[in-house]
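My questions will all concern the structure given below.
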Amino acid sequence: MSVSIRVCLVGAGRAGKVHANSLVYHVPAASVAGIVDAYPEALQDTGDQFGVDARFDSLEAALDGIEFDAVVITTPTFTHRSLAVLAAEVGKHVFLEKPMALTIAECDEIMGAAQRSGVLLQIGFMRRFAPEFVAAFERIQAGEIGRPMMIKSLSHGPGLPPPWALDLKKSNGLLAEVNSHDWDCTRWLMGSNPQRVYAEVANFKGEARGVTTSNFYDNALVNIRFENGGLGSISGVCPCDYGYDSRVEIVGELGIMQIGEMQGQAVVVCTDREQGLVTPIFRTWPERFAWGYIREMQHFIGCIQTDTPPSVGGEDGRWAVAGALAGTRSFFEERPVYLSEILDEGWTPS
Amino acid sequence: MSVSIRVCLVGAGRAGKVHANSLVYHVPAASVAGIVDAYPEALQDTGDQFGVDARFDSLEAALDGIEFDAVVITTPTFTHRSLAVLAAEVGKHVFLEKPMALTIAECDEIMGAAQRSGVLLQIGFMRRFAPEFVAAFERIQAGEIGRPMMIKSLSHGPGLPPPWALDLKKSNGLLAEVNSHDWDCTRWLMGSNPQRVYAEVANFKGEARGVTTSNFYDNALVNIRFENGGLGSISGVCPCDYGYDSRVEIVGELGIMQIGEMQGQAVVVCTDREQGLVTPIFRTWPERFAWGYIREMQHFIGCIQTDTPPSVGGEDGRWAVAGALAGTRSFFEERPVYLSEILDEGWTPS
Amino acid sequence: MSVSIRVCLVGAGRAGKVHANSLVYHVPAASVAGIVDAYPEALQDTGDQFGVDARFDSLEAALDGIEFDAVVITTPTFTHRSLAVLAAEVGKHVFLEKPMALTIAECDEIMGAAQRSGVLLQIGFMRRFAPEFVAAFERIQAGEIGRPMMIKSLSHGPGLPPPWALDLKKSNGLLAEVNSHDWDCTRWLMGSNPQRVYAEVANFKGEARGVTTSNFYDNALVNIRFENGGLGSISGVCPCDYGYDSRVEIVGELGIMQIGEMQGQAVVVCTDREQGLVTPIFRTWPERFAWGYIREMQHFIGCIQTDTPPSVGGEDGRWAVAGALAGTRSFFEERPVYLSEILDEGWTPS
Amino acid sequence: MSVSIRVCLVGAGRAGKVHANSLVYHVPAASVAGIVDAYPEALQDTGDQFGVDARFDSLEAALDGIEFDAVVITTPTFTHRSLAVLAAEVGKHVFLEKPMALTIAECDEIMGAAQRSGVLLQIGFMRRFAPEFVAAFERIQAGEIGRPMMIKSLSHGPGLPPPWALDLKKSNGLLAEVNSHDWDCTRWLMGSNPQRVYAEVANFKGEARGVTTSNFYDNALVNIRFENGGLGSISGVCPCDYGYDSRVEIVGELGIMQIGEMQGQAVVVCTDREQGLVTPIFRTWPERFAWGYIREMQHFIGCIQTDTPPSVGGEDGRWAVAGALAGTRSFFEERPVYLSEILDEGWTPS
């Protein structure tokens, strides 16, 4: 286990804590060298919780103050490009949370910087490391359900996103913030890139929760045609309030496969026969993907130690950004949108 | 479908209504010729509900008043012997609810009367006709899980039994009233008779519900050794309040099989992430065994039409009575009791 | 139960048998007076199975030969209009299987004929009578999950449809033959009419199964926007081979509700730890909707007895036809299609 | 996190590897200082896998060769007393796998040694740390299902135990080797000590697998009466072949609670409608209790760091040994056996 990989956390919020937990308790080959956050409270809270004393209000300050090998970036999407490019340019390996960036151009900048510096770039698609998703992928690859014909993936998140994520211009909205994982895992499991998409969105709860951003929506339903002729559906609801819900269903030529379930902890109780059986639901994404988060970080550190490209890189992040943009353009223009329109034309919802 | 089989319902309570419903709505080959009950209110209620005008306060009166081919007896256990013997002796086919009778001697009397008169005798073990039990039995017979090694069967009923059933002397208690089905189905699915049993019982709720019968218990747990060397467990809880719960689990040399489940109607709801997923439980036994009740009555009528012995007869009822008595003697005497002690000695809990 | 309602079955195929079974065994107030089918073998088979001697090769012949009160029409879609109109015009109540007809104009003809003759018209949407759907509807109405925001409904059927149903011109294809139930139940449960739809379809298995019909597809995925702002998804796969799969999921402002499940009979077996637990799937639609089929026929007969309009009538059938046509036009023209375009313009896929 | 707690693994077999994995990858406050095993192959295998170079063929040799703070003992039961006493006497904290020891006298020796030396003693009842068991315990304590009336706990293990464990004299057999967890968790969750037990056992597979030990059995079913009047059932099957199965069901005065389930990874597949849905089962105990094993070791190390008595100590281990002995005596003597007979008389199956 020799030399520890020193990681600087950039972003001390909720996702930052999840990764800190993995690094501190479950990835013995790594250590948290420092934490960066512009918000003093988040910095103090996360620093105290994980016993990290080196705290900075900017990545630049961290680069001046401490030595480290890699960054784990969990800040808002609109900051990803500048932080990731900076880190890559000074030779730090980059773990970047989804969505990778706001535009295809930004994705290209990040990938270019990483390539030029020869650093590794991993995108935070933890589903790719969740044991049931890994097993499902392998079983599909082995032909168990035959050629996939139709895939459906949903992500419903319990609470209202942070203020910046309510604005499409800063976040690309729910289709990116919440559904990035669906864009990625449908493409991964289908084994094909999306070709065109059609999206419908709706805003049911915004007004009651004081969301005044004009382009806000809290429900999205996307139809996908893949390059290989397969069909796909992505749905997002946030806030859904009832729990964290992430499930995938695939129909292949030989059968059906379901990945994930709503029920969490295996404790079933019935105390009222008018009501019936009650089982815990997954309440939060860290709970739902506990092992996925641990294993993606083990993978990232392992890749650094062995100088191997991560299995989920910039290209994957870029496709998810393209999907979110194509979906957004679709409901803006009320028509199916080809991914090529996004990849070639650089459309953004501004 | 030619000539209808005319049935006289003896007992107009809850079980009587269940069978009336089957006969009137789901067994076109049969008709309800009359109803007998000593309680005028039950008589009126059930008669009105099913449009049966011929109503009597005794089986004797019905025999005088109307023509019919068969009886369906659902009265309290302590009345079974006299009613079944009377019906058989005058040439009526007998469908008799569980428990068959209070003692082995009574069972023998009933079987003897039926045999002498050449009438059919079917015991109300509806699990034998419930589709999932039928399929399970056939799959065990086909060797799917190998030779059964261990079987567990539970019956938990929601509410306090009627007053007469609280007294062991009139009912043999929970081990007979509720667990008759378990005595029968463990023997049926194990493919062997019980050899010896050990029972523990407890009384948790009696006092709070005003049960003053000295020998009342509301929890029972029985260990069984079968003649073929297999092991068994029967448990009963009544009142359990939380629903009607009836499940069986069998471990064979090649694997495990579970029959039945707690969740009823396939509607899952989550509206509170602190609480989780809510699914209806089976609330009552008529709901849980809806098809079992229909099919056992179709079987009975079909047997009459074709003059074929029912697949569940007096011998099966007698073994269940023996089991309940052996279990009762076991907790009375705090020792394992052999079934032979019951079958040979005529022990009763008096 | 007085006078029996005499029913003439028009169509002696699989659906005809399902309804014959309900009428003969579970609806004592009705009787099957005769059977009509152009195929002598089907006629003989179904007639023999249900003991019906009056058999005809056309509805006209049946009208000449026997007395009856109502028809149950289960013939191919392209025959619905003429049969239903004929039956209605001679004063017979009409139970008509889905899809109601091929075009909006045909639907209007049928409804007009029924109205003019004062006969009842019920469409075969058995989900409306399936106990779990009924309970779900009532719980949604009671506000349990709040205002529905998004609804998803799928129907996957195991086998290749009959030859005529492979041709859109004779059947409107999978979106009508299989997904009629989804068009109806999403509209019913959402409490709103569809406003516009976008459909993608694919043909994965046709060639290997010798389907040469040019417009055949075996996978369909539809996005719906409802008039009330809610979103919907319908998917169809046929042949899916793996079983009969029919499930609905609704997200409301207050929570989520799932209706139906894949597992059928409650028998779980494990005999191989590399494979895991095995549970029966619903194999066929008569098995999946056993009670739905019984109860819709009880409803139809009950409506006739009490001269009450059925709860599922021509208007409901017409909306499902409109949905299937809008979906078809959408994938023909690769754009979202408004229902008004179908209802107003009379588009057909010819 | 300051100073690391140095652990010497005593036993390099399967359980040893499970704890090594926890210590190396998930308990950053600890380190594996050395490994002890009499079998060179196990020593090399485990040492290589976890990168531990200090390897010894006896605890004595390890004490001579390296410095450490605690032992984790996973050797066969008949070695527990001497190893645990030795470790305790030289001041090492002791984590001791179940069963604690062979006799009550041995348990007392171990507890005495730990007490005299002032070292901590934790028994390996990982269910107490499995998240769903912890949640269940807390919910029972909070009164959610009322006073527990009946508890059932089963442990079915897939494969034939190691040779020494086939002999009751060296292991106390299945009731100890496999059911130790059930003895502990029923007592824990019921909140009461067992008062008397009755056990039936059977030997179905021994002969076919070449087990010639005269007292071997592979099925056990135990009835328990608890001091508080509650009832209990423990069942064990080993080898069951079909998977690793560990479930608990508790009926309280207010309702029922189920802990654990058979299905493992949430991937459901159906490719054959005659077979149905297939879901992975938990194949092994390390897979089933992945978090329980991690958290019990975090607890042990945390207790050492803070000098706090572990929540699961010698007294708990001793009760489980007493239960296994009482169950064994019961089937030897074919009668219910009081725990007091074991605790007072020192009975052993020799």
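A, B, C and D label the chains in the order they appear, each numbered from 1.
Definition applied: a residue touches a chain if its C-beta (ideal position, glycine included) is under 8 Å from a C-beta of that chain, and two chains touch if they have at least 3 such contacts.
Predicted model only: the values in this text are computed from it and were never measured.
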Quiz prompt | Lowest number of touching-chain links that must be crossed from chain C to chain D | solution = 1
Quiz item: Which chain's C-alpha centroid is most distant from that of chain A?
Solution: B
Quiz item: Between chain pairs A-C and B-C, which one is joined by a greater number of C-beta pairs in contact?
Solution: A-C
Practice problem: Compute the distance, rounded to whole Å, between the mean C-alpha positions of chain B and chain C. | Solution: 39
Exercise. Could you list which residues of chain A touch at least two other chains?
Key: 241-242, 254-256, 262, 268, 270-272, 280
Quiz prompt | Touch list for chain C against partner chain A, complex | solution = 147, 149-150, 152, 156, 198-202, 204-205, 218-225, 229-233, 235, 237, 240-242, 245, 251, 253-256, 262, 334-336
Practice problem: Would you tell me which residues of chain C are touching chain D in their complex? | Solution: 158, 241-244, 262-264, 268, 270-281, 283
Practice problem: Flag every residue of chain A that touches chain D in the complex, lowest number first. | Solution: 1, 24-26, 28, 51, 131-132, 135-136, 139, 144-146, 254-261, 265-272, 280
